[in-house]
Structures are given as structure tokens and as C-alpha cells.
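Here's the structure we're looking at; comments come further down.
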Amino acid sequence: MPKLSVSATVPTILEEGVEKLDLSDGSSSDEDEGVQPHEKAIAAGQPNPAYCVRNIEQHAFGRREIEIAEQEMPGIMALRARAKDDKPLKDAKIVGCTHINAQTAVLIETLAALGATVRWAACNIYSTQNEVAAALAHAGYAIFAWRGESEEAFWWCIDQCCTPTATWTPNMILDDGGDATHLMLKKHAAAFKHIKGIVEESVTGVHRLYQLSKAGKLCVPAMNVNDSVTKTKFDNLYSCRESIIDALKRSTDLMFGGKQSVVCGYGEVGKGCCQALKALGCVVYVTEIDPICALQAAMDGFRVVKLNEVIRQVDIVITATGNKGVVTREHMERMKNGCVVCNMGHSNTEVDVHALRTPDLLWERVRSQVDHIIWPNGKRIVLLAEGRLANLCCSSLPSFVVSVTAATQALALIELYNAPHHRYKQADVYLLPKKMDEYVASLHLPTFDAHLTELTDEQAKYLGLNKVGPFKPNYYRY
Amino acid sequence: MPKLSVSATVPTILEEGVEKLDLSDGSSSDEDEGVQPHEKAIAAGQPNPAYCVRNIEQHAFGRREIEIAEQEMPGIMALRARAKDDKPLKDAKIVGCTHINAQTAVLIETLAALGATVRWAACNIYSTQNEVAAALAHAGYAIFAWRGESEEAFWWCIDQCCTPTATWTPNMILDDGGDATHLMLKKHAAAFKHIKGIVEESVTGVHRLYQLSKAGKLCVPAMNVNDSVTKTKFDNLYSCRESIIDALKRSTDLMFGGKQSVVCGYGEVGKGCCQALKALGCVVYVTEIDPICALQAAMDGFRVVKLNEVIRQVDIVITATGNKGVVTREHMERMKNGCVVCNMGHSNTEVDVHALRTPDLLWERVRSQVDHIIWPNGKRIVLLAEGRLANLCCSSLPSFVVSVTAATQALALIELYNAPHHRYKQADVYLLPKKMDEYVASLHLPTFDAHLTELTDEQAKYLGLNKVGPFKPNYYRY
Amino acid sequence: MPKLSVSATVPTILEEGVEKLDLSDGSSSDEDEGVQPHEKAIAAGQPNPAYCVRNIEQHAFGRREIEIAEQEMPGIMALRARAKDDKPLKDAKIVGCTHINAQTAVLIETLAALGATVRWAACNIYSTQNEVAAALAHAGYAIFAWRGESEEAFWWCIDQCCTPTATWTPNMILDDGGDATHLMLKKHAAAFKHIKGIVEESVTGVHRLYQLSKAGKLCVPAMNVNDSVTKTKFDNLYSCRESIIDALKRSTDLMFGGKQSVVCGYGEVGKGCCQALKALGCVVYVTEIDPICALQAAMDGFRVVKLNEVIRQVDIVITATGNKGVVTREHMERMKNGCVVCNMGHSNTEVDVHALRTPDLLWERVRSQVDHIIWPNGKRIVLLAEGRLANLCCSSLPSFVVSVTAATQALALIELYNAPHHRYKQADVYLLPKKMDEYVASLHLPTFDAHLTELTDEQAKYLGLNKVGPFKPNYYRY
Amino acid sequence: MPKLSVSATVPTILEEGVEKLDLSDGSSSDEDEGVQPHEKAIAAGQPNPAYCVRNIEQHAFGRREIEIAEQEMPGIMALRARAKDDKPLKDAKIVGCTHINAQTAVLIETLAALGATVRWAACNIYSTQNEVAAALAHAGYAIFAWRGESEEAFWWCIDQCCTPTATWTPNMILDDGGDATHLMLKKHAAAFKHIKGIVEESVTGVHRLYQLSKAGKLCVPAMNVNDSVTKTKFDNLYSCRESIIDALKRSTDLMFGGKQSVVCGYGEVGKGCCQALKALGCVVYVTEIDPICALQAAMDGFRVVKLNEVIRQVDIVITATGNKGVVTREHMERMKNGCVVCNMGHSNTEVDVHALRTPDLLWERVRSQVDHIIWPNGKRIVLLAEGRLANLCCSSLPSFVVSVTAATQALALIELYNAPHHRYKQADVYLLPKKMDEYVASLHLPTFDAHLTELTDEQAKYLGLNKVGPFKPNYYRY
């Protein structure tokens, strides 16, 4: 096996230690320690087991979680209901590599209902809900994942999905971070040729795909669902509008009314944060590098400042730039006592947490995901999630958001799997066709009892549109 | 001792069992079982101990909690700093009966700093933070309280504070619910004559005081701080604006965007809920009995409806009326699957929870403070906190709100203790003088770096106002 | 006749000249010049005419205006419909002294429909809509008013209403500013004894009444409708929330998005202004003298500052304090080029306009109600309505707001006229009984298709309320 | 000259009559009648005059208007200041065909300051501000435009700009609606070959360009500035957010609080309308054909309905679809008395006004731009601007919005004029390069005292961006 490195975020996480990553409800933390399940399997003479999870006995509890998630994921369930007779994924053999939780379980079982066979591994060593993995395995799915995988186990699990066998010739990849694609390409180059398409979910994975494409190494069409309209708006604007409030409340119990806050970055995430904070009575400042976004912030009623101008007076600092080193030690030196620092951007680089690991500063863990960094003079800064995504302070993403993402992924798989050969070039990365994006949205409208208006023939002709869409040019900004 | 009943909410709580009332951080739950501390004290031959708490050894942890609370309670700390030289409560002997937690500890220690001696008991058998009680006892305060008091212990504790001794002749009462006042009046009628004033915090306690006053049984002036301006606005409008979001998020993880909700009652609490829900993207309906509040709701952009008009379509039902039987079984029969029912009003009567305790319905506890009520056809209703205050789903009130309340209580004590005899009649219940209300507000302005404008002499003369207030007529509505 | 001065605002207006007070739609401006109508009447040997208006021939146009106003004043029309059979004002003889326009015409005709006889004069020399006065006169009402009355004519008109005759013994006064009350008291002291009650609308008039009461000169009960709940909220919060936007747009066409503005005063008017400006994308600062209002501003998300802190940077300055000298020449010296100065408070004293009438500054009238004050260095300040109420820049108050006021006035008249003798003391000024306030509100709910919930018997008992109200204690703040 | 038809909207306007199109401040309406200026010129033996305007004597008044506009157009003035030394339009010979008012005058004079020579005609027969045209002509610009041009005059004016002469070989076109391009192509095909680029502003003109491009008839590169980011957001979202309020207030004086309204279409314009109406207390419903926009509406808190579901209950109907026949006679039959109908979309087709011109309905003009349509039963519908753009009810577009548009146009001209030959293909229509869009935004930031953050070298490298932009991929949605 060639030398592979675990995806970028993992090493940091490992350094910081397991105790800080408690995402569970506490029910299974004890089992995370000790022997890795795949070692037991191997030791038991099962190098290629049908599945590998922490404890199959937990399946009933996991099944209940899945059933609850089904109720809250109307879009993907509607897709399952509508398409299950057509079986648009008949004979599809999908390698999946995503977080494994109740919500992705609903996706997995939907793909199966649409005709696909799947083998699935986790894209993150800590995020697997063991009970859900157990429920899926118990239902006959080839699941290879548990909470607290070792690095070696991480790749072993993915490899269980990618390796072709007599009965398993994967022809599709659903990836979240690019690890399955990466391993397939490096280790199973021959099998990779059977792949008809890759659907990639994450910023990082998409970035890797564009690089592969540019380098001429991508020999299958790939679909970037990370930038589809519904996903972007839901995962970013609408979801962050709520999760920033939730994350701050759960971790600090602070009161928003009258608090001064600065949001670094006025992209979709920053817009959502600003809107929510303003709505709950905060005074909000914005920093931006892009004059267009800065002008939007101004027109939306926010003072656009450099961070230094307000750093001494704010109660809350939120990063949402996707950049690195946005909040530096120097900034933190100037913050006032009790200032809360919270990252809503895509990585743990925005706040220079490393610069806080100096002997003069005392770290005090005050509750899960909340540290006080204490200066020699007694000043405390409240750091959430050690500068990683503050969403981690919330219990989970809203199922509704995940439903949109899952429906998008499923439709992207259907599209790539069924598209005529000429539609997508082998070496390119595509955005989801607008019509599919619109279809995802339409799947979710009934939840809101929203009633769509239909064009009359005359109106459609006047607008030069097909009555069933797509309704907008590609450059439309929503 | 005459027959006394524990205040109204307690029996219900007892029936429902301890496991449903877990308000703690989990650190001390084990100790709640077993022998009541006062029994040990009595058994040890200490019928009148200096204090009685669960475990004095926990004092250091409690002290840290108090210190953190001090940071977040700027108003009461400012009062402590400003008045500690004047000692306006010199020789005051205060019987206190409130919740006992880090925040009330800050109040207690402030009263002491202003010159008072105190003896303190809990107003609720479940709400005491044992560590904080330990810290106070360790610091020399006469604290009688622990989490999970028996009914007998509850009254024993209060009695330790009320009973006069050679060194203890109480002359002030700070009450929350009226139990200390009640016991003093019933059991220590002679000692009651030494009381110079009562400060009462709760709706229930205030109601009791007005009844006593009306019945001619109140022989001391009492101050109703429950209806002071700052307290009303902070505890209700501003606090509920945030806690409704927090309570719903923590308990259900639902997404607000696009959800239809109905808020029953458009008083301060209802206004706060509506404002927050609308701000986060809900469609909000309002029910009202009072045409003035209904008109306000309409002008604020909410459809005013009867509950039956929307009950089938809403995703969230919130009660904030102070009334009983607002949401009936009949309403709940019509709710759609997954509808969340949440009480933000003052008691557990708003939602007719009792009517849900029928054999045909299955109750499933899905997490702390969240039950699914399951109909025979599988329909689930999500009931928060069993119809009691949904705030219980949040970890605690924001310290800032408590700071306002605490400062108000302290100022009311100072006013009653120092007022010339003729200012307050013996048998009446008073609102806090406006100037005191304004003073409480001014104590909290520095937190927001808010800078007050001062009247010039000419302006004050023009307006007919004293330059230092009060600034408004008594009927001003804010 | 004793020496009487016209109410305070008029002389200022006269000094500033008629051309600046053009409130009309332009249709009748020509007639304002020339002979005063009452001189013609007197010259024609009619010292006590049945009415006196500018031009009775305009009645048809005025009638159409009244009919349109009727459509937009649902509350007062509903009152007319409900009470016209009861005739609660039977035999009432009302002296009216208010603005005379289509909306007050609806009030006047409603009072008549309820049984009253009226004689009516204008409370302001410029605000009469001549066409409406003509329509009323044509319909048989004793109207004495025209646009552009001389001071002498102003008092002559009021006197036509107050002077008792063989057929006219006034027994009620509806006043707006106190001029009819004043004249009655000074000139017709004997007739004044027949008055059963005074209803006063304005801040100034109410102030005068309290002074009379204090001085022991008030010998009839008076009702202060200026501070009734519905009126306060509608005339101030809700109405100003819209009129500030309208006034600024009509006069300056500025764009709100991104503009920095400061609102002086956070009472109901200031709250309305702040809410609207924030909603349309302004950055809003607040100044306050009252710590309670300041704290509300902070919790509502506004920085509370002293005017000097922001005066150099703001684009818009709004006064809403009711005070004098809030914006001084010194402040205006520091304003930036193009800064708009706008008064939403109660008088023309808030902005020190007088201090701008110096030789170094050039005044340039750029459109009706808008002046540029030009500094020697070319800096321009945009002053609206010469510092008088910026509402003057809008065409009129929304009919809906006037409907609330008119219904309140009518109900106050009914209450005072029908109350048993002991209910109201001769020398006191009263607020409208809450039940009447609630009734006014209920008259307006159908406009919004708002459906009130009714208490069950059990609920009413639980709350200790009558099922039909009143629903709140007097100190309730809404 | 080939047969040319005036652009689509004009004939409708002509049919409806001049009196309904009064856009002026009233100062020059008299002159609109009578002889067309170019006839005088021709009669005077000046077939090719240096300019042709209504009355050159009005230049001083026009100049003052231009100077005021300069103050309110910071972006275009900043561009003028920054680029006037570089003269990036040196030797450019620009045919301009736009509205002619104070704001476009600032653009014209900026183009001249940057080195260009211009000849300019109006793109609309009614929108010319005669005084401004006079000021420009007086300053030496070749302006051919007046208010109330005949169709023949309209084309004559454009032809004066397009026709090449010894000293005039146009090499750039700035068009708004496509008429100059059209005439050039049809009548001056030879001269057309000298054109280096076309900048087109309007939806209609852009549509024509795409058709020409598709048909292979476009032989110069064209730039579609209509879809540039800043223009889209400013002209639509931000501008309409304010103008919907302004238009409705000025025309109807209605109160927004509590009104029910429906907005047809949730594009940028619809979003702006909804946001403003909600903010001022309306209950807002949305209709949509596109599921993505519908989902956005839902998540933003609006009920998504079919028009028929709410048509009987709403007080305000707003169209913002760009479609035809959105509000039909049938809908209007069901509206309630007093319902206001207002078009914010792009044309006069959205409301089927034609269907209201039936004998049973009475039209009553109640003020400029406001008609009451009266049903036999007395029901009135209030129609704004006869179904044309309700913006016409406002006095003008905010200068700030126009500044953004003008700066965008100028930069597009600079880009096309200076671009190396290979950058733009001859037959294509381009969007403004993102960097130019960002530059337009940056020109306007100082107005808001907004301070942009600069990337460090390290950050730029991390993001893979140039420190000066562009900062976003082309598909970014803002």
C-alpha cells in the first residue's frame, strides 16, 4: 500500500487528544478505548468481513435513531418514495465514504432502495455513531466504521470498500473529503477505470478534484455538489444563521442583547451569522477583504471595519473567512476580559490557536468544547471548540439541512450514473445541473406547505422557458 | 408548628419523580439520594447548627462558580463597590429564601458587604447548587439548603432562618414565593413585628402579599419587585427572546427557518418569543384575549388568530399567557406529527398535560426535558419540560438578567430598611420607586459601554425634571 | 374679551412666513390671500352666522374626501354603526376645537350620528382643509374655520362655538391644545359651569389642564386622551416607525442602506424611528438621558452614545426627545457635508434652528420643507421642516392612526357625558378607563382580520378577570 | 433610412397619453407641447447642429442639478479623480444613448474627463430633463434630446450621434435599450466596423445583443453590464427594498403595520420588497414558479402560496416576476375593496391592465400615478402607475444606485476600449470582469466609511489569491 496521509484535519485532532472531541451523547464513550474492531476481525481470521463495526448489538438503538431522522428528512424520503419503482441506481455499486450517523444512514438506505449496492466507510475517525453503524450492518449493509478509528484502521475501512472482489466491482464513488477517491486512484488504479462518476461533498475534496483534473489525472467525470445552490444556501446561510446562536448559547449561556460582536468575513456563513446576531440585539461589525461583500455588509446595516479598530471593545469575535491567521495572538492580547472567540469558517486555521499555547497563558477547560485562556493579569478569553468549527458545540446539524445535502448527493449519483456518455467529459469537475438543483428544492417544499405556481403555456413562451424548468440562467445568483 | 403546605408547584414535581428534574451538571446527582443532611445534624446533637448543607467539602468548586458569576453580574458588583463604605444595610438582619446558586450567592455576599447579617434557605427543593451552598457556608454564612430537600427538611431550613434567637432578631425578609413570609407570620408572629419590610420576587409571592394586604393581615410594608420596570423587561421580553430559541434548539435541534409557529399570548414574554422566532425565519401566528395586545401583534406583523384556525398546520406551539387550559387535549388531537409544544408562561397549567396521561397515548422520554407523546396512529407530539417552563431546558438564566434582578432586590431592601417611617404604610404592597429602578438600570449600562447624556440646567428646567431623575411619570410604559 | 395669546407655536410660524407652511395639495392656495371670511360675514350684517368657511361651493370635493377617509377609518365607522341606535350622546352639545380635515370630519359626523349637536372651530390657523369645512357646513354643521385665519379670526371662530345662545348651551368640550377650554374659562365663566366634561387631545392641552387642576381652577372633570394606550402606541411607536421613513424619503430621496444615523431619545417615537431605520439598513446610534430607556436601546442592539461622540460621522440626525436645545449650533458645526437634520419630537425647540439664522450661513430652500444651510466653506446641512415636526414633510397622518385617535376621543366624550356624578371629580384630569381603551382597540381589529380569543368561564375565574375585560392592571406597560 | 420601430415600451406609452407620464418637477411641462426642436433647427437651415435641446437658456438650473448629483455620486466622482490623469478613454469617440438627467450628466462629463469625445441622445422620449440637457449643451457637449420627443425626432436624435462625419468616427457605443446599436447596425453598417465595443445597460438591450450574437450578426464584442454583481444587487435588492416603501407611501399614504401583502416573485426585486414590507410590520406572502427561490422564501419566513389562495384577503399585491399576466382580471375581481396593485417588475405586462379597460369599470385618477378602478358595486382597486414600474411614483432613483451603475458603465467602456484584441471575441456578449466589479464596489466604500481588510502575503498564498483580487470564482453567488 502506498504511503497515504490521513486528511489534513486529522493529525491536529490526534494531537489535541481524544477527550476534547466528545461528540457523542455519552452512551458509548467507554468503548472508544481499547482494541480496534478490525483487529479483532483479523485476529478472528476474517480479513474481509461483511462489515466491521464497534458493537452490532447496539443495532436497535441505532435503528430508532434512523427512524427519527427519517421523519425529519422529508426531501430524501420523498425521493425514495418517488424513485423506488424506477430504480434509477439499478446495478450501481457505490463506494461511500462520509460521516456515518443517523442522517447518512437515511441516504444509504435510500440509495439501496433506488437499486444500488453499497460499501461504506467513515470519512472521519471520530464522527461515526456506533449505534447507527450497527443498525446498518445488522440490516445487511457493508459498513466499515467506528468511533475512534486509528489511522491504520481508517484506511483499512476505506480499503474494504474500494477493493474489487468477485462480487464487487465498484462503479460509483460518493466521497466527502476525497479519501476514497484518493485511495482508489493510488491503490486500485485498474478498478478505478470502472468508475462512472464521483460525487464529492466537501470543500477539501472538491479542491483535490480540481487539482487532479488540472494535472490530467482525473479519468472520470466528477460532480462538485459542494457548490450547488441549495446546498450552499442551506449549509451556509440558513444553517449558520441558527447554529451560531445555538453554539454560543450552549457553550457560554451569554445573552446576545446589547453585546458587541465582530464577524470576520461576509460570505454566506458570515451573512447568516450577522443576520442572526443583529436580530437578537447584538451590535455587529464586519471585516472583509472583498469590496463587493464589504458593500453588501454596509448596505445591510453593518459597519465595515478592520479588526484592530474594534478588537478592544467587542464581546464576541466570529471568524467566517475560510482564511488562516485571521485572529492572531496580537488581536487576542487586546481583547477584553470575557471576550468569546468562535470559528464558523471551514477549518481550524482562522484563529491562531497555536499562538495561545505558550507558558504564560493558562488553559482551563470549563465545559465540553469551551476553554478559558487565562492571561497573567487574570484576563480570560473564552475559546470555543479550540478554534475548530463552533458547530461542534451544537449537538448536530439540523436534519433538514442534511436532507438537502443527501438529496443533492443522491441526485448527483443518479445523474452521473445515467447520463449519456457524451454529456460529461472524463476529466472534468461539474456543478450539479440546475434542473437537479431545482428538483432537490422541490422535494423539500412540502415540508413548509409551500405551493409552487405553475407557468401557463403563454407565460412560458413569453419567458422562453420550459414549464418545468430550469428557470434561471447559470449565472443567476439567487 | 401549624400545618403548612409546600408551595403549589412542589407536589406536582414530587409526583413526577426526581429523574425528570435533573437541573444539575451531573456532578452531584449521586448525593441527592440518601439521608437528609439536617437529620444527620439533629442526630449529631446539633438541632441549631450554624449552617446545614450537603457537603461542605465542595466549597472550593462552589467558590469558583461564584467568582465566574461575579464577572457576569456587573450591576450587582458595581452596587457592592459603590455602597460598601456607606454600609446602607448596617445592622440589617435579613431572612433570605430564594433559589441558591452562584448568582444568588453574589447577591448574598453583596448584602453582607453592605452591612447586613443574613440567614438563608432555599425556596425550591430542587434548585440548590450544593457546591455554592457549601462555599457560602464555608465563608461563614448561615446557609440551610441542599438539592433534593424533603418537604419536612424544606420547612426546617426556612425555620432555621426565621426563628429568633439571642443573637438573631430578623428585621428584613427577602422572599421568592412567599414561604418565609408565610412561615414567619404563622409561626413567629411575635418576631414578625420586628420586620421592617419584605421584598418579594415572584408572581406567586406577590399575589399572596396582595391577598394578605387585602385581608388586613399584612403588618409590614412589602415591596413587589416582580413588576419593576427593569426586571419585567429583562426577565420577560429580553430574556425570553433568547431563551425560547435556546430551549427549542437544545431540546429538539429543530431548524427555525420556514417553520410555522403559534404563540399564545402577546404580553412581554409572547412579544419576546414572537420577535425571536420571526427574526430566525419562522412564520408566526398569535392568539390573544386582550384587544390592545392583539392590535399590537397585528401592527408588529403577526396574524392574530384563534388557536383552532392554525392548530393543524403549525410546527411549534408556544404558550405565554399565564392562563390555564390554553392548549387542550382537543388541540393536541389536531396537531400534526412532530409538532413541538412548549410553555414559556408562568406555570405548568397552560398546556393540559394531565389530559395526555391516558392509556391510549404512549409517553417516550427522548432526552432530558423532552417527551414524545405517541398516538395510536404513530403521530408524535414533542412536549418540552412536561409543560412546565421551557426555560428549564436551558442550562440557566443568563447571569446578566439575574444581575438586574439581584440589584433590584438589594435596592428594594435598602429602600425599605432606610425609608422614613411615614413613607411606606404598614399594610401595603409597593412598587419600587422609579428612581431606584433607574438606578438599577444605570448600574448595568457600563457593561454595554453605553454613555448616558446629562440634562443641562436649562433643559431640566424646561422639562420640569430633576437632573438626576426620576425622568418619567409613573404611568410611563417604556 | 380678556387678552388672549394664540397658542405657542403660532407666532413662530407667522414670523417664518406663509410660504413655508404649504400643507395643501395646491388646489386652494390662491384663496388664502385676501379678505378673511368672517369679515365678509360681519360686513354682510351676519355677526352670528350659521357657519363661516372660505368657500361653501367646494363642498362636493370635500364630501368626496370625507367619503374616502370613511373607508380608511374602520374603527370610528364601526363605532358609528354600533352606537347610532343607542344615541349615547343624545342632547350633548359639544364645542369642538381641533384640526379640520377629512378625518376629523368623520369624527364630527360620528358624534352627530350618536346624538350630539356640535359647533366646531380650528385649533390651528393653517391646518384647515377648506373643502372639508365647506362640505361640513353644507351638510348643516356649524363650522367656523378656514386655512390661513388671522389671529383675530382664530379667536372669533372659537368664540362662535363657545358663546351660549338661546339654542346653544354647550355641555361638553373636545379640545386639541386647550384654546377652547381657555377661552370658555376666561370669557364665558358662567357658561363653563354647564360643561360636564372636557376631552383633551394634545400634550400642550393636557399640560395646561394639569396646571389648572393644580391651581384649583378646573371645575369640571377632564380626560387626558393623549396618554391612552392605543393612542400612545399608534401615534408614536407605530406611526413614527413609518413616517420617519416617509418624511426622509420624500424630502431628500436619500438611500437608507448603509447610512449612519443617530436618534436622540429612545421613547416611543425614538423606538419607532430606530426600528425602521435599522430595518432598512441604517447603522443607528441612540442618545438618552434616562438609564432605563438607554438600557432598552442597548438590549435592542443600538450603541448608546453622547451626541458628540458620533456627530462627525453620521449622515442623519433625528431628534425625538421632547426637550429643547438637543441639537445645537456647535453640533451642527461638526456635522459632515450633507448631513440631514430632522425633528420627530413634539416641538420646534429640539434643534436650535435660531442659532442657524446668522449672517455667515446661507439658507437655500431646495424644495418644500427642505432647506440647505450652507457654511462658508461650502458644507451643506439639510434641515427638514425648519426643525418643526418632520411629519409635515409627509402628506398626512395615516387615516388608520387618526381613526384610533378619533374613536378614543368619541369614547372619552361618551364616558364623561354618561358617567354617574361621583365617578369623576370636578377638578381632576383622568386617563381613559382601560375598558374604553380596550374597546377602541377592538373596534380596529377587524381591519386586520384579527380574531380575538375568548376566555372560558373557567379561565376567567382562574385569572380573576371579567370575560369582557378589562384584562390588565392599570400599571401594565404593554 | 430603413424602417425602424421605436423600442417596445414606447407605443404603449403613446397610446396612454402624455398626461399620465408626468415625470418632471413641473417646471417645464408647458414647453413639451408645440414644435419639436429639431424641426426648428432644420427650418433654420441647421440639419447637423452642434446640439439640439429644448431651451439652452435653462442651462444654469441644469448645472445646479448636476452639481448636486455630483455630491451624491461618490463612486463615479472618485473614478473621475483617480483616472483623469491617465485618460484611459483618450481618443475614444462614444455614441451614447441613455436617459438624460443630472445623474447621467455626471457620467457623460466623467467620460469626457477621462479623454473621450461623446455624442449623446435619449433612450426614452419622455425621460429627458431639459435643463440638464441644456447645461450639457451649454458646456459644449453634443446633446440631442428633449422631453416629449416625437418618434421621428427620437430617431433623428440618435442618428445625429451615429452618423460619421469628417470629425466624428464613433468607436464605442454606450447603449440603454439597444436603439443606438440597432440604428448603427442597420443604417451605418460601414461605420459600425470601427466600433471597438458596445456597453449595454438594459435587460431588453442585452436580450437583443444575445440574439444578434446567436444570429451571427454581432461583429463587435459587447458587454452586458446589466448582470454585473454590483448593479444587480444595487438596482434590485437594495434599491427596491427602499423604493417599494417609498412608492406605496407617496401614492397611497397607507400604513404598513398589520397589512397583508403578497409579493409575486422572489428574485432580487421580490426579496427586497419582502424584506422591507416585513420589516415595517406587514404580513407577507410570496408566489414563485422556481422551487429554489420558493425554498428561499420559506426559509426567510414567508408563506409560499398560489395567488388565488390569498387574493381575497390581501391589502397589497406586488408583482416582481418579469413575467406577463401574473395578476389577471380574474384575480382583481376577487380582491377586496381598497386593495393596492403595484408592479415592481420590469415591464407593464405583469398586471393585465388591459383587462381593466372595460365599460363596466370606472377609472378615477386620484392623484399622479394613482388610479382607482371602481367596480359596479363600489369596490375600488388602487392601481399604481397604470401597472408600469411603481418606481415612477418615487421622484427618482437614489443617486447612489445610479452612481454604481454609472461607474460600472464607465469601467466597461474603459475595459473594452483598452483590452488587447484577443481578450474579447468579436461576436460575443461578456459580463464585466469580476475585478472591474470589485473596483466599482471599492469606489463606493468610502461613502460608508467602510474599511477594507488587506490580505497578508501569507494569507493570499494560502487562499491562492492575488492580494488585489479578484477574490471570488465566477460562479460565486454573493
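The letters A, B, C and D name the chains in turn, as written, and every chain counts its residues from 1.
Rule of thumb we're sticking to: a contact is a pair of C-beta atoms (placed from the backbone, for glycine too) under 8 Å apart; a residue touches a chain by one contact, two chains touch by 3 or more.
Which chain is which protein? Per UniProt: A, B, C, D = Adenosylhomocysteinase.
It should be emphasised that the depicted structure is a prediction, and the values quoted were computed from it without experimental measurement.
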Neighbouring chains shared between chain B (Adenosylhomocysteinase) and chain D (Adenosylhomocysteinase), ordered by label: A, C
Contact-richer chain pair [B-C vs A-B]: B-C
Distance from chain C (Adenosylhomocysteinase) to chain A (Adenosylhomocysteinase) - Cα centre to Cα centre, in angstrom: 58
Euclidean distance of C-alpha centroids - chain A (Adenosylhomocysteinase) vs chain B (Adenosylhomocysteinase), Å: 40
In chain D (Adenosylhomocysteinase), residues with contacts to at least two other chains: 238, 257-258, 280-281, 298-299, 303, 448-450
Touch list for chain B (Adenosylhomocysteinase) against partner chain C (Adenosylhomocysteinase), complex: 227, 229-230, 232-234, 238, 268, 287-299, 303-307, 309, 322-326, 349, 431, 437-439, 441-442, 444-445, 448-456, 458-459, 462-463, 469, 471-472, 474-475, 477-478
Interfacial residue positions of chain B (Adenosylhomocysteinase) with respect to chain A (Adenosylhomocysteinase) in the complex: 71-72, 238-239, 241-242, 245-246, 249-250, 253-258, 260, 276, 279-281, 313, 337-338, 366, 380, 394-396, 398-401, 447-450
Complex interface listing, chain D (Adenosylhomocysteinase) residues touching chain B (Adenosylhomocysteinase): 257-258, 278, 280-283, 298-303
